[in-house]
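Here the chain labels run A, B and C in written order, and each chain numbers its own residues starting at 1.
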Amino acid sequence: MIKIEGVRKSFGALEVLKGIDLTVERGEVLCLIGGSGSGKSTLLMCINALEGIDAGRVEVDGIDVHAPQTEKNKLRQKMGIVFQQFNAFPHLTARDNVALAPRRVLGQNKVETLELAEHHLAHVGLGDKLDHFPSELSGGQQQRLAIARALAMKPDYMLLDEVTSALDPELVGEVLDTLRLLAEEGITMIAVTHEIPFAREVADRVAFFHQGVIHEVGPAKSLISNPQMERTQEFLGKIL
Amino acid sequence: MNNLTLTFTANDFMLMLQGAGITFVLTIVSGFFGSLIGFIIGWGRSLGLWWLYYLLGLFIEVVRSVPLIIQFVLFNSFLAIAGYPIDPFTSGIITLSIYIAAYVAEVVKAGIDAVPPTMVKAARGLGMSYFQCFRFVVVPIGTRSVLPSWTGLMLGLMKDTSLIAVLGASPPELLRSSQIIITRIQEPLAILIGAGAFYFIMCHFITVAVQRYETSWASKGKVTA
Amino acid sequence: MFDYRFQWRVVWKHWPELLEAALLTLQITVLSVVFGLMIGMVLSVWRKSDNKILYWFTATWVALARNTPALLQIYLAFFGLGALGIHFSPYTAVLAAITFNNAGYLAEILRGGMDSISPSQRGAALGLGMKPLQMYVYVIFPQVLKAVFLPITNQIVWAMLGTSLGMIIGLQELTGMTTFLQSQTFRPFEFYLAAAVIYLIVCETILIFARLVAWRAFRW
């Protein structure tokens, strides 16, 4: 379970998170929606400690993420993250991209990790691209590679940061299909997204962000079809 | 003159100042001709004629693989045995120009390559001729992208002018004039630090000047390639 | 073209001396690059340091190395340091000066290489649970290596050409030996041309080797 309590975060004079409270249960799919600059992505980075926080508390399975004594790299092994910019490692083949962390971080043996990589790449539909370098893959393929790479660590949670925003429209579908697959498998996901129809279909709950606060949070279908707050109505009206 | 005094005098300072002036002149003159020749070579390599590309490439490779000192003496002794000896100062300027041209050529080619082909197509699509497109589109955009590298080359050139001393060229440039003073007053450390300061200031001056120029460009809008 | 008679036999006669001098040139080049790389790495790290003294030490080194002629640096090492009671042989002076110079340029090359790696690569590596050291070893350095490979190759070539300045303070590396031999035989053109060819061959060997390595190692 992920528990976020009163999290505040500023970049210089700009306060991007103004007291966020949120709880995510195991097996749940939560989508964060809202305009750009509303603080959604920053919150993701605060959950796995890629960004520090100024106040409040983030707890993952009972562990205080931002406590100084917390081993952040251990913690991050439980939480796969996928970014808007795919961030595949350009110097490694698809297979080595996926096998790197299990081998070096989890210390599994080489043959095992290569097989693991093949399995996960096949899972996201890249079984025929094992020896390709990222530069030889399309954006959609690179993003699926990044998802496979995160899954290979067998994370309990997946954090997805606008994973389709940098893709050409015709490539968005293949990545969303992969995410649907994960949701069906019951992986806990927190996804920042602009794909409202996707959120409505796949998410259990949706949280609407505006200027650093959560304005509304609730079951996906009812929140999107029938938003209660004026801001939410305005945002959804513009985007749908 | 003050050949008898063993301390640093005002005249010595003037000699070093004059040396710095000579260094500056050497840089400007050979930088000008070198850039001109380098521009032509770089342009020639962009024409798409494979034999010209490799021929000029060979020239660049040779110049960049042989120490400048050797190029100085080789060119000078070549002129001597060819029966056209000229004064070391002039032969030095010619060698420096050819030397820096090889480096400029590479920068020019990089500049031409930096212009997106679509932009050239767009210009030609507007009915511009090859030369109009080159003059009004390729050159301005390319120049902007390689100006920092070109500045780096000119700074390198200024430092390399100190090697003209091996030819015994006169009037002496900065490092040679410093050496003349050192021989007399035997204070190498102080004089060399002074000479270093002169070079440093001149480098700094050029760098700042180009940066100013760049910022004035940047304020007119950046090219997004 | 002119009534000059080339005499190549005399060059051939002194071939062993030229070869030996070329080896000395190579030796100084290799040492100055190895030492320069080691110092350059330290400098590039210090450059990012919060410690003001380390930062300014590095910035000064880099600025001095890049903004003054290499010949002046050699003069300083050979003549100038004598005032401080440090007396270098021509060999040591050239090695020290070229190393000083290399370190300054290489520090900037390495810094540029580090800066060229997108910060999000760090995020991706850390996000997979890597420790900072693992991130550097498996993700950052391999990419930096590609970015700095060509500039470092150019710096090696430059260092080799730079050792020719040793001639001016009487070091008998390739250029110095050539100068000595031509003064004995009065055949400057032949000797300098021979030296130029040797430099050219060594340079091309370095470049071809580097391209081969790059082609093997950086297929991505």
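Basically, a residue touches a chain if its C-beta (ideal position, glycine included) is under 8 Å from a C-beta of that chain, and two chains touch if they have at least 3 such contacts.
Composition by chain, UniProt nomenclature: A = Glutamine transport ATP-binding protein GlnQ; B, C = Inner membrane amino-acid ABC transporter permease protein YecS.
These figures come from a predicted structure and were not determined experimentally.
Engineer: Suppose every chain is reduced to the average of its Cα atoms; which one is closest to the average of all protein Cα atoms?
Structural biologist: Of all chains shown, the one whose C-alpha centroid lies nearest the global centroid is C.
Engineer: Can you name the chain that lies farthest from subunit C, using the mean of each chain's Cα atoms as its centre?
Structural biologist: A
Engineer: Once every inter-chain C-beta contact is counted, which two chains account for the most?
Structural biologist: Contact tally peaks for the chain pair B-C.
Engineer: Centroid from C-alpha atoms only, then distance subunit B to subunit C, rounded to Å. What do you get?
Structural biologist: Computed from C-alpha means, the inter-chain centre distance equals 21 Å.
Engineer: Cα centroid separation between subunit A and subunit B, in whole Å?
Structural biologist: 53
Engineer: Round to the nearest whole Å and give the separation of the Cα centres of subunit A and subunit C.
Structural biologist: Their C-alpha centroids are separated by 47 Å.
Engineer: Under the definition above, what is the set of subunit B residues touching subunit C in their complex?
Structural biologist: These residues of subunit B touch subunit C: 61-62, 64-71, 73-74, 77-78, 81-83, 155, 159-160, 162-163, 165-166, 175, 179, 182, 187-190, 192-193, 195-196, 199-200, 203-204.
Engineer: Spell out the residues on subunit C that touch subunit B in their complex, using ranges where they run on.
Structural biologist: 1-4, 63-64, 66-72, 75-76, 79-84, 157, 161-162, 164-165, 167-168, 175, 178, 188-189, 192-193, 195-196, 199-200, 203-204
Engineer: Using the touch rule from the top, collect the residues of subunit C that touch subunit A in their complex.
Structural biologist: Residues of subunit C touching subunit A: 118, 120-121, 123-131, 134, 138-139, 142-143, 146, 218-220.
Engineer: Which stretch or stretches of subunit A touch subunit C in the complex?
Structural biologist: 45, 48, 50, 72-77, 79-81, 83, 85, 87, 89-92, 100-101, 104-105, 133-135, 146, 149-150, 153
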